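Everything on this sheet refers to the single structure shown next.
In order of appearance the chains are A, B and C, and numbering begins at 1 in each one.
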Amino acid sequence: MGVLSDRAAEDLSKLRNEKPLIHNITNFVAMNFTANTLLSMGASAVMAHAEEEVEEMVSSARALVLNIGTLTGSRLDAMLKAGVKAIENGIPVILDPVGSGATSFRTAAARRILETVSVSVVRGNASEILSLRNDNLSTRGVDTIHTVEDAAGTAKTLAKELRITFAITGPADLVTDGKRVLYVLNGHMLMVRVTGIGCAATAAIAAFCSVDKDLVTAAAAALAFFGLAGEIAGKKASAPGSFMIHLIDALYSITPEMLKNHAKIEDFSTP
Amino acid sequence: MGVLSDRAAEDLSKLRNEKPLIHNITNFVAMNFTANTLLSMGASAVMAHAEEEVEEMVSSARALVLNIGTLTGSRLDAMLKAGVKAIENGIPVILDPVGSGATSFRTAAARRILETVSVSVVRGNASEILSLRNDNLSTRGVDTIHTVEDAAGTAKTLAKELRITFAITGPADLVTDGKRVLYVLNGHMLMVRVTGIGCAATAAIAAFCSVDKDLVTAAAAALAFFGLAGEIAGKKASAPGSFMIHLIDALYSITPEMLKNHAKIEDFSTP
Amino acid sequence: MGVLSDRAAEDLSKLRNEKPLIHNITNFVAMNFTANTLLSMGASAVMAHAEEEVEEMVSSARALVLNIGTLTGSRLDAMLKAGVKAIENGIPVILDPVGSGATSFRTAAARRILETVSVSVVRGNASEILSLRNDNLSTRGVDTIHTVEDAAGTAKTLAKELRITFAITGPADLVTDGKRVLYVLNGHMLMVRVTGIGCAATAAIAAFCSVDKDLVTAAAAALAFFGLAGEIAGKKASAPGSFMIHLIDALYSITPEMLKNHAKIEDFSTP
């Protein structure tokens, strides 16, 4: 409860009323789960990655997700085009650097997107965030082998330099624009056993950012909302299959009032 | 109940006995859900989109689905090849013009398929159907912003001109070949919150058309069957995650007898 | 119970402790289900198919899955590159020749992988296994129209010639390296109604092979484990939608002790 929870509840109300269309250029593993996440929470979703159409498609959207999982060269080109157009159109671009650090192809792709597109928010795990700056990071696939704390410093520095909001997810999530620092404590341990859960959280951030211009509060609100869905699912399910179904259900069922009462967002900004 | 419900029940019996193989060239979001829809209802499914193999693959199938979601240029080429071969082989081709109207790339693709392939049935939402004829239609992603009634006239005209059966899905579904007009009233409001549900309905139409040469009754039967699965799911689930699982279950569990008793197909043809 | 069940239980313990990363180059239909299978059973999963990164990605993995469903030319090139690198690195490569025999493109692809990469295990249905040797086999999409027994001889011959372990799945699964012959009797009839179930079984084999160098026992253990998950799901669900969710749950919940008590692996090797 408090100002941040009130804001999260307001964002959710707005989202449910406005049903913003979110354009996703995302990986093949998480595409279905991401679309269901957006539809269930009350947003609208479109997936399109052909270079021939991304600029036109993003022009009817209110936020753009760029996710580099299962990346190919041509999908990267489409991401750059769509990203530049989104910024031109004044809508937020949310980057999910899936597996950045695991291969030089992904690391280079994530960095190139950051150089070419004025990304609004980056959401990743600690290893992925660290890889955006550190060249000799050891990582392992799309899992993190670092803690949120390991990446906090890098996130704050990059946030200031690039004027980007960073969201590092883990047991506790950190959201920072380099000045403000929020922690989100909602979530459940089974979330790491469901594929594409991070990708879906990124899409939730995009949906919240489409209705709230304060990207730090919007990203934290989205993660509190998504984490609360995990908590509710975790009370009903004890294994990943039914957990993911209950999570999708909870995204639909959580009311602004529930989010207001159960969001755990803490302000750790130093004045 | 009535002649149309009897026919729907017969189609379902035939389908369960014959297990027709349906070849799908479809989008990445709905691929898994579409395959599970077909398997659960009693058909067989294959997904293949490489130009090198689509003609050979479609030659062992009894219906072909062409779905332009997440389209790319090379997948369009494969669709044209497979479509021409399917018609040569005398099997029905079902087109789902996902997002036609949302980008000129998709609109052009849908129209090019219609010009090149003697498509049997087109299944889309109202905006998608309207886009096949109207050049300056405003749309929004893959959602419809028009009602089934808005598109009914265009569907009837195009149906006559192109000798195609049109199925426009919405709160009530309309099926027409330009002369006959059937309405299908089965369905549930949660269906719009599950991604790929329209794509799966298209695949169900393909399965019914593979066992019933009267495409109007077959398409209506398929939509009644699919909508009934939604109704059954809607009694068991109150949110989209569990709803989609119960829907897949219902596709498996609905018997011809149940379909006969609960199909809501109404004949609005004017003599 | 017996030596083989004990070994299966040990493998599962090891897998849960070591959480091996499995690199999958797989089809678009089964990608999500495969990743959830691996995560739920306790392994880690990464999907990556760009030629630019597969060699680097596979170098942090402990097993590689090559699955030719929804194949394209460029994905085949990536498979060959990744496969060669995996063998160089000394990790097992598991091939799933989805739809081999259904089109000459797939048959040629499966054979080319076998020629280029020293594959460790091949997992397929009877028609797919037969197609690796027989040129004029009639098949139908990705379904088998042959029995496990039909393919047993071909599997044994190829196993000896190519020094590969073969796993033919069906009502009873056969695992052979040409000398030893194991049958796995776990499983449930609803498994054939869930798309990608064979692909997921292949990934489970990869996970077990990453912790057990005896590929015959590892593959049999994986199939017993996966089949037992099907049996448990089949007790809780009577239709494919809820069945697949319970199956994912069971992959998470089955303990080494349960596997030890319920694995049905029989040794039919002739001395």
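Remarks
One rule holds in what follows: a contact is a pair of C-beta atoms (placed from the backbone, for glycine too) under 8 Å apart; a residue touches a chain by one contact, two chains touch by 3 or more.
All values reported here derive from a predicted model rather than from experimental measurement.
Simply put, subunit B must spin 120° to overlay its Cα atoms on subunit C, rounded in steps of 5. Where subunit A touches subunit B, under half of the residue numbers in use are shared by the two copies, so each contributes mostly different positions. Subunit A and subunit B have centres, each the mean of its CA atoms, that are 33 Å apart.
Among all residues of subunit A, those that touch two or more other chains are 28, 32, 244-245. Taken together, the subunit C residues at the contact with subunit B in this complex read 27-30, 32-33, 69-73, 99, 102-106, 139-143, 192-196, 237-242, 244-245.
Subunit C makes touch with subunit A in their complex at residues 21, 23, 28, 31-32, 35-36, 39-40, 44-50, 52-53, 56-57, 60-61, 244-250, 252-253.
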